[in-house]
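Here is the structure we will look at, set down as structure tokens.
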Amino acid sequence: MASEYTPSEMMAAVAARELGNGEVVFVGIGLPNLACNLARALQAPDLVLIYESGAVGAVPERLPVSIGDPSLVTGSLMICSMADVFQLFLQNGKIEVGFLGGAQVDRYGNINTTVIGGYEKPKVRLPGSGGAAEIAVHAQRVLIISRLNPRAFPAELDFLTSPGQRCKGKTRQELGMPGAGPVKVITDKGILESDPESGEMVLTALYPGVTLEDVKANVGWPLQSRAELGAVAPPTGEELRLLREVLDPRKLFLG
Amino acid sequence: MHSKVVSMQEAVAAHVRDGDTVVIEGFTHLICFAAGHEIIRQRRRDLTIARLTPDLIYDQMIAAGCARKLVFSWAGNPGAGSLHAFRRAVEKGTPKLEIEEYSHFGMVARMSAGAAGLPFWTMRNYMGTDLPVANPRIRTVTCPYTGEVLATVPALNPDVTVIHAQRADQYGNAQVWGLLGVQKEAAFASKRVIVVVEELVDESVIRADPNRTLIPGMIVDAVVVEPWGCHPSYAQGYYDRDNDFYVAWEDISRDPAKLQEYLEQWVYGVKDRAEYLARQPDLKARLTAKDQYCEGVNYGF
Amino acid sequence: MHSKVVSMQEAVAAHVRDGDTVVIEGFTHLICFAAGHEIIRQRRRDLTIARLTPDLIYDQMIAAGCARKLVFSWAGNPGAGSLHAFRRAVEKGTPKLEIEEYSHFGMVARMSAGAAGLPFWTMRNYMGTDLPVANPRIRTVTCPYTGEVLATVPALNPDVTVIHAQRADQYGNAQVWGLLGVQKEAAFASKRVIVVVEELVDESVIRADPNRTLIPGMIVDAVVVEPWGCHPSYAQGYYDRDNDFYVAWEDISRDPAKLQEYLEQWVYGVKDRAEYLARQPDLKARLTAKDQYCEGVNYGF
Amino acid sequence: MASEYTPSEMMAAVAARELGNGEVVFVGIGLPNLACNLARALQAPDLVLIYESGAVGAVPERLPVSIGDPSLVTGSLMICSMADVFQLFLQNGKIEVGFLGGAQVDRYGNINTTVIGGYEKPKVRLPGSGGAAEIAVHAQRVLIISRLNPRAFPAELDFLTSPGQRCKGKTRQELGMPGAGPVKVITDKGILESDPESGEMVLTALYPGVTLEDVKANVGWPLQSRAELGAVAPPTGEELRLLREVLDPRKLFLG
């Protein structure tokens, strides 16, 4: 299928639209960073970008390739220690939106970024939690960004790194987690949202040209979907221009 | 008071011992590759190496056989791929490597406890996850006021910590700006501290702006003057991160032979950091920081 | 984003309510007397006032009848004598005042817990002393690793905290140098934050030196521009402490009639801080800070 | 008795002689501050002065009248938060010497700075602990400075604010206190030292012209004394010159 935009561009645009002006966002590298800076250039000029490295109110003048890029420091509002980032900002409830991704996402939005296979002798050793476990606990809401495929959306995780809406049968409230957890999963084919009753991630919107079967074939559990699926507008010309010409001209993250 | 300034060779020889728990901190910023290379050159063995993000330097130390154990919270090559020496060790057992794993907040908390002279630190964290299953040192404590059950981690008290700073005086009073990571906590938690700096300055420079001091000389054992000692990591206001090398590491580290060749050429094959730099004459033109100075403030009364 | 700049009268009217727990922090340095005076002028009642060192400003608030309760760790007039309004309240019950008492470390720990979003904080402290007898909110917890019994204090989460800073932008991003006390922790622990500054600066001044920022605007509700707002306390780089007034307070506060006369003349009898300053034209000549600027540093890359 | 120096000058000089070069001292205002700056001018030029306000390596160019004086900031080596002072420096065992004083000192060096009389309705309400309780727990050794009189050295404290060598029958070790506690009490008539066996403060030296009876009459418990009492040299000319001309020319603390 020939398209005027890539799945990554669509995901970045959809994620950016989730951000309200003035919100405080814990930013990850890659698509979340692009989404945040896209939102900042459009509807959310006062978005406050916080990076776990300690940069608060960053205004990167180049695309940061790491979460500790020097461009996140120069011109930011505040630099603080990582103890402050995790205690005074995150655990203290000041972060409104957190972005997470991962090698595996289950039906409750639990995420595995630790191992494929067993923990002791894994088939693939992934990087591990980083700040993901505590972002999943504390951010007021979490947005997951991940491309759909059956291995990435399995029925069972190999390891639960970051908690979603239900962990081993328990709700977030029962487990004492302050944040609302993952409320949306932004994929390359559509959007899943957590069902307030069951905690399951339910398909609520399809991207242009994608069918329900396309999505279901890429999810490892019997995916529920809303009776009426929403439509999602493709990236606008302005969104694409900003992504391509300003934010990631070298296509580091926009495949 | 006598100067603590020594060469990197002397600092590592005196303060890093086989079997030690070693921390070279710095979150992306100010990671002291020069110290890691010298530890490899001096063929230290059985080290427990701890930091939040092992980064390329710990991948090299693992490949060189320095490490018995890794304590960490995120082991990747940000934006570029994997730490393949680490992955081979964990996935295939070559070389054998014990791991002890936390989240970033968990590692920060371990260092905070160590720095505060407490045996543990408390967090609201880890509920519902497999992290406490994989690591039984993640435990819980009950709040004596609310009855809430909270997560704990044990203090980390390294034998030796290496902190790279933009500048220090000869007694080790060190100033840092830009990202601060968990360096202050790591240094205060440590039995011995090596401070490595871009510039040695007079004590009066430190005293002119005491709010910038991150590490006081009283906890410092050695001061090493090593300009560009962080490359391929960076020092705000001095030189940029060498992102190209981080990308190149994906290929180098994926192939054990290539990785050994890298170590031969750039670690064992050079005497010190000066020689490492002399062989890369393009670095300064490519990475030297542009000037963007802030104004000073008034400390008068 | 809209500016948060309001007058002190507006800030106190909007954010300090009868019955609130109020913190005006600053350890000797940057104690915002202007805010305390406005709270007295607006005749707030039933406040729980908390800070490490009540200092003269809480003595005045106690004498003015604003306080139902005092939470503190050292209640004296350093180098000069007593806080006699406080002493009359405790020794004679005039006015009635409940007290809750810690050590400095205990108060710092309470604010640290509040700022970290935790219900308590752990210390190695208080063994053998009468402090936990006098204050049953000092409790213990057992380390899940070593079995050691350690002291705890509960989080302090004020309704409103006043922080005086040398400078901030209109959104409340505030920079402080010199003594930092426990201001950052108090602000992050608080439901509402009022930042009072010597100088309102452009956002670009803050962004030029982000390592100096102590309080981010995102936790700030109001910004008040009040030069000399700390007098008789001080602001490093702006004006010196008025030690003569601290000495004079011994006599003023010892005599309830004199103290009321002071309040009539200098608090109720002036409209605002500008009028308070206008009536003391000698202050600037006597206390203005000498210049002693540090150099800036390079934030470029 | 006419004398060429005051008791305060003697106490400051004696306290100063206790400090070794390069030691890290937690300094209080008044005599301890004078003693530290006198030591710095003589045998201990590299003494590191730390104030609980957060000034590390202070070099005050005027006599600070409060522990948060701006002269402690200008030209110091480091300014840190009070959380750092109490956690990273004090609780972490980095403070070698702490100075304490108080309204009441008992035979074990326990100190009361809280109340005279009952706690609920005291006869005299004193300032309280400040940092004294934790200094007494954590400083590697504590020096107490106090003038002798029967009310200041009673048999029983009205309130135990800062722990000494025995608290309610328990040793410091039994109570888990890391520091050695008060090892000396420097008075205006002589020096008391803690006995390693009993933990009691025992008279070990008399100042020139003072008799054993003078001291005993001013202590509220049966004071033990060493069989051989040491002599203490009076302030030297240089000590007096520094105290009077340089350190406290306005006699703020030297009565």
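In this document, chain identifiers A, B, C and D correspond to the written order of the chains, with residue numbering beginning at 1 in each.
Following the convention adopted for this analysis, a residue touches a chain if its C-beta (ideal position, glycine included) is under 8 Å from a C-beta of that chain, and two chains touch if they have at least 3 such contacts.
Keep in mind the model is a prediction, meaning the values are calculated, not measured.
Looking at A-B and B-D side by side, the one with more C-beta contacts is A-B. The chain with its Cα centre farthest from the Cα centre of chain A is D. Between the CA-based centres of chain C and chain D the separation comes to 28 Å, rounded to the whole angstrom. Measuring from the averaged C-alpha position of chain B to that of chain C gives a distance of 37 Å. Averaging Cα coordinates per chain places chain B and chain D 40 Å apart. Residue numbers of chain B whose C-beta contacts span two or more other chains: 117-118, 123-124, 148, 177-178, 180, 184-185, 208, 211, 234, 236, 240-241, 289, 292, 299-301.
In chain A, the residues touching two or more other chains are 55, 70, 73-74, 79-80, 91, 138, 178. The touch graph of the protein chains shown belongs to none of the named shapes.
Shown are all chain pairs that touch, namely A-B, A-C, B-C, B-D, C-D. Residues 27-29, 52-53, 72-76, 78-80, 82, 86-87, 90-91, 93, 101-106, 108-109, 112, 123-131, 134, 148-149, 177-182, 184-185, 234, 236, 240-241, 243, 246, 289, 292 of chain C are the ones touching chain D in the complex. Of all residues in chain B, those touching chain D in their complex are 1, 115-118, 173, 184-185, 188, 203, 206-208, 210-211, 213, 216-219, 299-301.
Of all residues in chain D, only 29-30, 52-55, 65-70, 72-74, 79-83, 86, 90-91, 110, 114, 119, 121-134, 137-138, 159-163, 167-168, 170, 172, 175-178, 252 touch chain C in the complex they form.
Of all residues in chain B, only 117-120, 122-124, 137, 139-146, 148, 150, 152, 154, 166, 177-178, 180, 205, 208-209, 211-212, 234, 236-238, 240-241, 289-301 touch chain C in the complex they form.
Those residues of chain A that touch chain C in the complex are listed here as 22, 24, 46, 48, 55-57, 59, 70-71, 73-80, 84, 87-88, 91-94, 138, 178.
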